[in-house]
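Both of the next two complexes hold subunit A, though its partner changes from subunit B to subunit C.
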Partner chain A sequence: MAGPRGTDGSLLASLPWTLAALVVSLVPHVPFLPVWITGAFLGCAAWRYLIEKRRRLLPSNGIRAGLALVCFLGVLFTYSSISGVGPGSALLAVMAALKLLETRKRRDQFVLLFLSIFLLMSSLLREQYLWSVPYMAAGVLVVMTAWLRMSAGEEQTARRSFATAGRLLMYAVPLAIAMWVFFPRLSAPFWAVPIDTSRAASGLGDSMSPGDISSLSLSGEVAFRVSFDGPVPAPGDRYWRGLVLTNFNGRTWSGPEPNISRTARGEIRPRGEAVRYEITLEPTHRQWVFALDMPTEWSLPRTFMGRQHQLARTTPIEQRVAYEVTSYTAYRTGVDLSPMYRSWYSRLPDGGNPESRELALSMRAAAGSDRAFVEAVIEMFNRDDFYYTLEPPPLGSDPVDRFLFDTRRGFCEHYASAFSVLMRAAGIPTRIVLGYQGGEINPLGGHLIVRQSDAHAWTEVWLDGTGWHRVDPTAAVAPERIESGAGDAAFEGIGETWGFTAPSRWAHQATMAWDALNAGWNGWILGYGPDTQNSFMQWLGMSDPTWRKMMLTLIVLVVGLVMLIGVVMTYRYRPPKKDEAALLYGKFVGKTGLEPRIGETAHAFGLRVCSTGAVPGTTVDAVTDAYLEARYGTGGDAARIRLRQAVAAMR
Partner chain B sequence: MQRPTLETVPAGRAAQREILVRARRSLAAIILGKDEQISLALACLLARGHLLIEDLPGLGKTMLAQSLAQVLGLSFSRVQFTSDLLPADIVGVSVFRADSGEFEFRPGPVFAQLVLADEVNRATPKAQSALLEAMEEHQVSVDGSTRALPTPFFVVATQNPGDQIGTFPLPESQLDRFLMRIAIGYPDAASERELIAGEDRRSMIRDIEPVAGPETLVALQHSARAVPVSDALVSYVQALVRHTRESADVEIGLSPRGAQAIVAAARAYAFVEDHSGVYPDDVQAVFAAVSGHRLKPAGSTRFRSPAELCRHVLDSVAIP
Partner chain C sequence: MSSTPWPFPEIGSLASSLKRRAGRRVRAWARKRQGKDPATATLRSGRVYILPTGIGVTFGIMTFAMLLGSMNYNNNLSFVLTFILIGIGFVAMHQCQRNLVGLELTFAGADPVFAGRSLRFRIAVTNRSRSPRHGIRLYAPDTYSDIHDLQPGESRVFVLPVATGARGRLTVPRFGVRTMFPFELFRSWAWLHMDIAGLVFPAPAAEAPGPPPTTAAHGHRQHDARGEEDFAGLRKYHEGDSPRHVAWKAYARSGQILSKQFAGADTSSQWLDFDGIAGFDVEQRLSILTRWIVDADRRQEDYGLRMPGAEYEPAHGEAHRRRCLETLALFDGGAN
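So, the complex of A and B:
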C-alpha cells in the first residue's frame, strides 16, 4: 500500500508531459537566471521522475521545508531582493521545481501546469521578441497537452492529446487577435514592471575613456532603426547625435548631466533641406535620445534639448520607444558663443600631455588661423602613419602624448580625444560628441539599421564667425569608415581592416531578412499603442474612439466569437461511428416508445415491450434476435438484413 | 458409476447442441426449479472452471454435483472436509506391499473427473491447499512423483455460510481459483411439493442415462471456447470492470483475471444457451456468479450481499 509519501508509478504516463511543460516554460528565463536555479530545477525534475519510476518515497516534510528555505535564501542572497522580474521569476522557477517534490496525485499536477503558464508568461515581462510569439504558442501547446494527458484515459494516445490541444489553441487565436486589437490601450500604463537592473546595459556610456567604444565595435546588437520619409541621407551625413562630452581629466572625457536649455534649440540655424524620419530606439537604460545631427523637432514626450544640443528624456529609456524627428544635416549654431563658454570649452587639466601641448602651439603658430590649424591637424592625421585599429596598444600616463607620438594606432575615441586636446591646447573651443555614425540600409524593410558597432565619437570645434563645426578626425585616418555605407563596407574589405572577417553575402541577407521581420514586429505589433490604436479604430470606421466604445466592441466581438466557435465545435463533433445494427436497433427502440434502462439487455427490454402490447411479440423477438446476432454474434450481413426488414416492417 | 466404454465424440454443432439439451433436461428433472443454477454449473464446467456452491445444508448441493457427474458420464468422488482431514486423505498415500516388497500408490479421492469437496471450509488450510493446488495445476505431487489428474477435472466445493465456528474461511486469493460461486436457494412451492411427494432423488440419480462422456465433454469445452466475442461486448465487459474499480461501493474492484473469467464464463454460458455469439445477456447471467466472490465490497456500502452489489453494477453500466 502506498503511504502518504509513497509513489506507485501511476503518474508515469502524465509526469513526463508535466516536466516537459515546466522545462519549456523555464527556457526563456534561463539566460537571465543564475545557473544554480536552472540546476536546481532540472535536478528536482529528474529526482521526481526517478522517484516515480522506481516507486520510491517522496522527500519528507522536513526535507522539503528545508529545501524551500535554502532556495528562498539563495534567491535573496543572489538578488538581495525578492521583488522585481529577476528575483520574482527565479523564485517562481525554483518553487515550481520544489512543488514537484510534493506532487503525488494526478490532480496535483494542475498546480504545476498553472505555474508553467505563469512562468511562461512572466518571460514577457522582460522582453517581447519576435520569436516570443511562436515560442509562447509552442509552450502553451505543451502545457495544454500535459493538461490533457493528466485527464486522459489509457486508451487516448499522446498524439491525440497533442492534436486536441492544437485544435483548442486554434480556436483561441481569433479571440486573442480580437483582444489584442480592441483592448483599449492607455497612454499611461496601469503598472510598471520593475526592471531587472542586474542585466548589463550595452551601448554608449556617459563618459569616454580609451577602449570604451572599441569594445562595442564587435556587437551586432541593434541600437536603433530609422525609417526616413524621404531619401536616406548620404553615409557621410549620417551622424546620430547622442551626448556631448565637455570635460577632460587627462584620460577620461565626461559631459554634463542631462540638462535642459531654453535657448539651445533656438540657436540652431537650419540650412538646406529638412530630413524627417522615425527612430525606433532599443532600450538603453540611459536618458540620452539619439537623433540625426542636428535635430530641431522631436515627438518623444518629456524629452528636451540640453545646452550642447544633446537630446535627453527625463527618465531612462527602459523599453523600446519610437519617435519622429525632424533634422537638418546642414546647420549653423553657437555663432555668438560667450567668452566665458569659449574658455570653458578650451579647458585642459593642469599638466599632463606636455608634448601634445607643445605640438599644438607650434602648429597653431605655423598655421596662422584657427581654421588653417584645424585643417593642418586633420592633414597630419591623414598624412602621417596613423592607423585605425580595433586593438590599439595600451597607453600609459599622458595617453594623448603616447598616442600622438608613439603608438599612432587607435579607434575613433583615440582620434577624437587627441584632436580635442590639440585644439584645446591651442585655445580653440572643442567638444566631443558621442553617438553613432552610418548605419546599414535593410533592402527588405527599406529602413536603416544602426548597430552598436556603429558607435562613434567625433568632435565639434568652434570657429569665430561661423560657430560650431563638426570635425571627424577618424574620417581623416579611415575615410571608408565614414563615407561608405556600412552594408557595402562589409563586402569591400573594410571588415578585414576593422579586424574581423566579412560575413558571407548569404548570411548577410538572412540577417537583413531577420532584421526586417523584427522591424515590422516592433513597428506593427509592439508599437501598437494608444495612437496607432486610435487611428486604426478610425480606419475601421469607429468615429471618436474611446475606451468605452472599444471595450464594448471587444465584448460583443468576444461573445460573438465564442458563440461562433461553439457552433463550429458542435458542427465538427462526430460521435463515434455506430454499428449499423445498433442504429437500426435504436430505430426500433424509438418506435416502441419505451426507453431502455441502463444495463437492460435487449432480451429484457424486448420482454418489457411485449408486456405493454404496443408491438407484436413476434416482431420484438425477430428484431431482438436479429440485432443480437448482427451485433454480438456471427449473424453478419444476413442478420443485419433481417433486422432492417423487421424494423422497416414496423409501422 | 457408469462409464461408456466406447464413446463417439460428436463434432457438429447440432449434435453438441442435442447433448446439452438432453443434459439440461435430465438435470432439471432432478434438481427442480433451479434452471439458472443448472445452466451456470454447466457453463462453469464447460469453461473448465471450478465451482463453489455456498448454501445451507439440504438444498441440493451434493445432488447437483452428483447428477452433473452422472449426466456427463464422469467419474465421481466425494471428500467430506473435516478439521482433521489430512492432505494425504485427499491426494492418496503410498503403502508398502509385503508381497511385492514395493510401495504402491493408492490414489486418493482427488483422482476423479468430478470431485465434490463437501464443506471445504471445515478443513485446515493445509488440507484446503492440497485441493486448491490440484485445482490449479491439474496434477498432484506425492512422494516426489508428479501424477496427472484425470481429464476433464472438475471440482465442486461446497461451503456452509451459516456457521462460522470452527471453520477456516477460504482467503480471497484462493476464492479466485473458483470460476464461479453460486447459491442454490430454497425451491419454489411447486418444486418443493414435488420434491416432497415425488420419487427418491438418489435412486433417480442412479438411473440417469449419461448423455456424454469425458471425451465429449472435452470437445464441448473446446467448442465453448470458440464462441465469438464482438468488440461491443468487450467494451461492455471493460465498462463493467471499470465500474467496479471506480465505484465507491467497492473496495477492491475486478482484476484483469476477473475480466477474463467473466468472458470465459459468458462464452460457455452463451454456448449453453445456443447463442451465435456472446450476448450481453450471457455476461449479465454469469456476472454475479463470477465476480461475486472476487469483489470486496466497501465497508460503507449499502448493499448487503455481493449479489446485490453485482446487480447494482449491472444496473449502472450502459450496454454499448
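So, the complex of A and C:
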C-alpha cells in the first residue's frame, strides 16, 4: 500500500499555485462559511503541502473516508440541507480539502482547479460588488497559472507561466465582452432558483414587537435607490410604503399574508400631481415591494396590491430588481368599510394594557369626535415628556402601559404601537404601515438613497366619510426624524453628524461618489437584462433586436475576434529578423555569380571569387573583412556601414 | 450494481473496432493528402490537426453548465466568468495549433541495434520563430519521446525509441509531433511521412556452438588471439581501425592520425561460414553468426564471413563488423 500513497516532490512546482488558486476562490466565502470548514480546508492544505515537501505518505483510504464522512455530516448538521449556494459552497470547500489529500499525480490537480472555478462562480451568485469583477479576474489568472504549472516542463519558470496566463487572459477578454453584450438575456428563469436560506434576511421583518427590542441597529446598508423623473418630493412626503400590520396580540403586531385585491387598487382617488420614478430594490428575500405612498401604477411583473394597499410580488425578491412606479403623495382611499372589517381593524386582545384602554376611553369622550381624538393623542405625545431614542429601556408585561406611563422613551415602533392601541381601544379602525421614511439625495448620481436605517413605522386610521388617513405619531415626538432623516435623529443632541467638519464632509462626499458608482454599476452591469439589452441594441443601431439577430451578431463578432487572435499569434511566431550583415553578404554572393560550397569559409570563398577574376580583389577583400567584422567581430554599426557601401559599390 | 457485467460485450468490441478502422482510414487519407515528406519538413498550418482532449471536453461541459446556471440565475457577473472561460477555450485552441505551425523537423538518423533492443530514431526539431514553443513531443505507434520546450531559434534532437522484433530494415512510415500546450484542453498534432528507417541486426544467439577454429596464415594455430605482440610500424589511419590501435603519442606530435600495425594481426584468421553451421534454421544460423562476429570483434580477431552470394575476406574493425552485420541483417534467406 505504500506505493500508491507515496509522494516524490514532483508536485512541488505546481502544488503551491493550485493551493493559491483554491485559497483565492475560497476567500469570498469565508464570511459565510462556518469556521470549522475554513479551518479544515487550511489544515488539509498545509498538511498536503508538508507531505509533498517532506516526501511523506498520503493518509490512508480509511482516514480519508472517515474525514469525508465527518465533513459531510458536519455540513448536513450545520445547514440541515445540501442544496443552495450556502451549503453548496461549503460542500465544494470540503471536497477541495479532501481531494487535496488524495492528489498524487499532476493531473489530479485538474479536479482541484475545476473546483476552484466553481467556488469562484458560487461566490458571484452570492454577492456582486463593484470589486467582484477585478477579484474574479485575478482569481482566474491564478487558476490559469496553476493550470499551466501543472503541465509545464522543468524549463519553464513560474514567472513565465504567470506571464503566459496573463497574455492568454488578455486575448480572452475582448471575446468575453463581445459575448457578454450580445448573448440574449432571458426574462424568466428555466427552473426555480434555490433560495439561500443560510443568510438572514436583513431589513424589515414581517412583524414588530416594540417591547422586546431594546436597541435598533442602524445599518447603513442600502435598501433601495430611487431616481425621479421630476422633482424629488419633500422629505415629509417621502413615506415608502411596505407591508401593513393589522393584528395585535398584546405584544406583537403582525400582518396578513399578501393577497390580491383589485378593489383596494381601484378605490384610490389621486389628488394633486403624479410622481414618477424608478426604484432599484436590493434583495429582501421577502415578497413586499416598496413604493412611495400611494402607488397607482407599477412595472414590476407578477406584482399586485393587497387589501391593505400594500404591494407584493408572487415570489420573494432574491435578486436586485428595478421597476417604475407612479405614485400620488396626496390621495383618498375608499369610504366604505364593512362592519366585519371595522371590527377586525379595531380588535384588541382581551385584557392587557388596562391603563391605556382607560386613557383612550376618557380622551375619546373628552374629544367629542374621532378626528379630535386623534389630534388630542398626537398633542399628548408632543406636549408630554415623550422622547425619541433608538435605545429604549425594555418593557415588561403590558408594554403599552409601561411605555405610555413609565418609560416614555422609544422609537417609531413604540409610538406607532401605542398610538394604534389607543385608537383601537376607542373603537377607531387602525393599522400600522412598515416601510421607510426619507432618504438621502446623492448629488452626484441625482438619485435618492434609502438605507435600512431609514426604516420606519407609522399608522393609518379610518375616519368615517374620508377613509384611511396617514398619521405618524413619531413626527409629533421627533419632527426632525421626519424632516431630516433617521441618521440625524439617531444621534440625540449631537445632531450635526454630517457636514460639520471638513474631514467628515470629505468622507461624506467620498461615500456619495462610491454610492453613485455603485448605482451605475447596478444599473448597467448587474441590471443588464432583457430590457436594458434591448435598448442598448437599439442605441447601437440594431432595429427591432431579436435573439436571433443578437446571436448572429455574437457569432460574427466571435469569429472575427478569433481570426484577429490568429493574426496576432502568427505575428508572434514570425521568423526572426535576419542579420543585415548576412543579407548584404547574400547580395554580394549573388553578384559574384558563384555559390559558396558547404563548409566553405568567407575567406576561402573570397579567394575562389578572386581566382575567377569576375570581381576586383580589393572589393572582395573589403566585403569579406567588413562582413566578418560586422557579423563576428566588434565592429558593430561602423563595419555594417562599410559592408553596405562596399556591396553597393559593386556593379 | 457494479458487479453486474455489461450485457452487450459485442458493442464494446464493435465500437473499438470501428474506432480502429476509422483511425486507419483517417491516417491513410492524411498520407494520401500530404504525400511523402522530404527528410526536412516544415509544418504548414494545413497539416496541423487539432481535437479537444478529455479534459477539454470536461471543460466544455463545465462551461456549458455554467452558462445554463448564469442564464437561470440571470446573474451578469457569472456570465462574465463563463464568457471569460469560453474565451480562454478559443484562445487555447489557437495557441495550441500555433505552437506547432512552422516547426521544422529533420530526420537525423538512427544507429543500428540488435533485434530486441529499441531503435532510437533521432529527429531534430527546430523552432524558427520569435516565440518559444512549449511541451513538444514526438510519437509513433506505441512510443513517445520526452517532452521539451524549444526557445526561439533553438534546435533540439528528440529521440523516438522504437521497439524492434525481427532483423532487417525497420521503417517507420509515420510519426507525429504533438502538443497539448497551453491547458491540455486541446491536442494538436501533425503526421510526418518521411519513411524514416533504421537497421536491425539479428540478435546475437544466447547459446551458440563454438566458433570455427582460428587458423594462422603460416599454418600454425594462433595462441594469442590478440595478435598484438609484434609491432610492425605505423600506417595512415583508415576508417574502421580500432581506436585502441591509434598511435595517440604520434598524433600529439604530428597532428596526423596513424594506426599501429602489428605483425601478429595478419597471422590469425577465421572463416565464419553460413553453410558450415548445420542443424539450425536460417534465423538461428544468422543469430549464431552474429554471436561469433560480436565475440571475435570483442577479442579483436580477424574474421571473414561467407554467405550464400557474399563473401568478406578476414579483417577486423568497425567498418568490417558493420558490413558483416548488415549483410546478416538484410539476408534474404539465400533463396536463389
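Throughout what follows, the second predicted complex is superposed on the first by the 529 of 651 C-alpha atoms of A that agree within 3 Å, B and C clash if a C-alpha of one lies under 4 Å from a C-alpha of the other, contacts with A are read in each partner's own complex, and residues count from 1 in each chain.
We take it that a residue touches a chain if its C-beta (ideal position, glycine included) is under 8 Å from a C-beta of that chain, and two chains touch if they have at least 3 such contacts.
The shown structure was predicted, so the numbers you read here are calculated from the model rather than taken from an experiment.
K.L.:
According to the contact criterion defined above, which of subunit B and subunit C contacts more residues of subunit A?
P.N.:
C
K.L.:
With both complexes superposed on chain A, which partner does A:Ala510 reach: first (subunit B), second (subunit C), both or neither?
P.N.:
After superposition on chain A, A:Ala510 lies in contact with neither partner.
K.L.:
Touching A:Leu12 in the superposition: subunit B (first), subunit C (second), both, neither?
P.N.:
Touch status of A:Leu12: no partner.
K.L.:
Looking at the overlay, does A:Ala366 come into contact with subunit B only (first), subunit C only (second), both, or neither?
P.N.:
neither
K.L.:
Output check: A:Gln156 vs subunit B and subunit C. Expected answer is one of first, second, both, neither. What do you get?
P.N.:
Second partner only.
K.L.:
Tell me which partner A:Glu629 touches in the superposition: subunit B (first), subunit C (second), both or neither.
P.N.:
Only subunit B; A:Glu629 stays clear of subunit C.
K.L.:
May I ask you to decide whether A:Met179 touches subunit B, subunit C, both, or neither, giving the answer as first, second, both or neither?
P.N.:
Touch partner of A:Met179: subunit C, not subunit B.
K.L.:
Which subunit C residues qualify as touching subunit A in the complex?
P.N.:
Counting only subunit C, the residues touching subunit A are 55, 58-59, 62, 66, 68-69, 71-88, 90-92, 94-95, 98, 101-102, 128-131, 134-135, 147-149, 152-153, 180-184.
K.L.:
Can you check the complex and tell me which residues of subunit A touch subunit B?
P.N.:
579, 582, 597-604, 628-629, 631-635
K.L.:
What residues on subunit B touch subunit A, complex-wise?
P.N.:
228, 230, 232-233, 275-281, 284, 314-320
K.L.:
Over in the complex, which subunit A residues touch subunit C? Could you list them?
P.N.:
Going through subunit A, the ones touching subunit C are 107, 110, 114, 117-118, 120-121, 124-125, 128, 132-133, 136-137, 140, 144, 147-148, 150-153, 155-156, 164, 168-169, 171-177, 179-180, 183, 185-186, 189-191, 193, 319, 525-529, 558, 562, 565-566, 569-570, 572-576.
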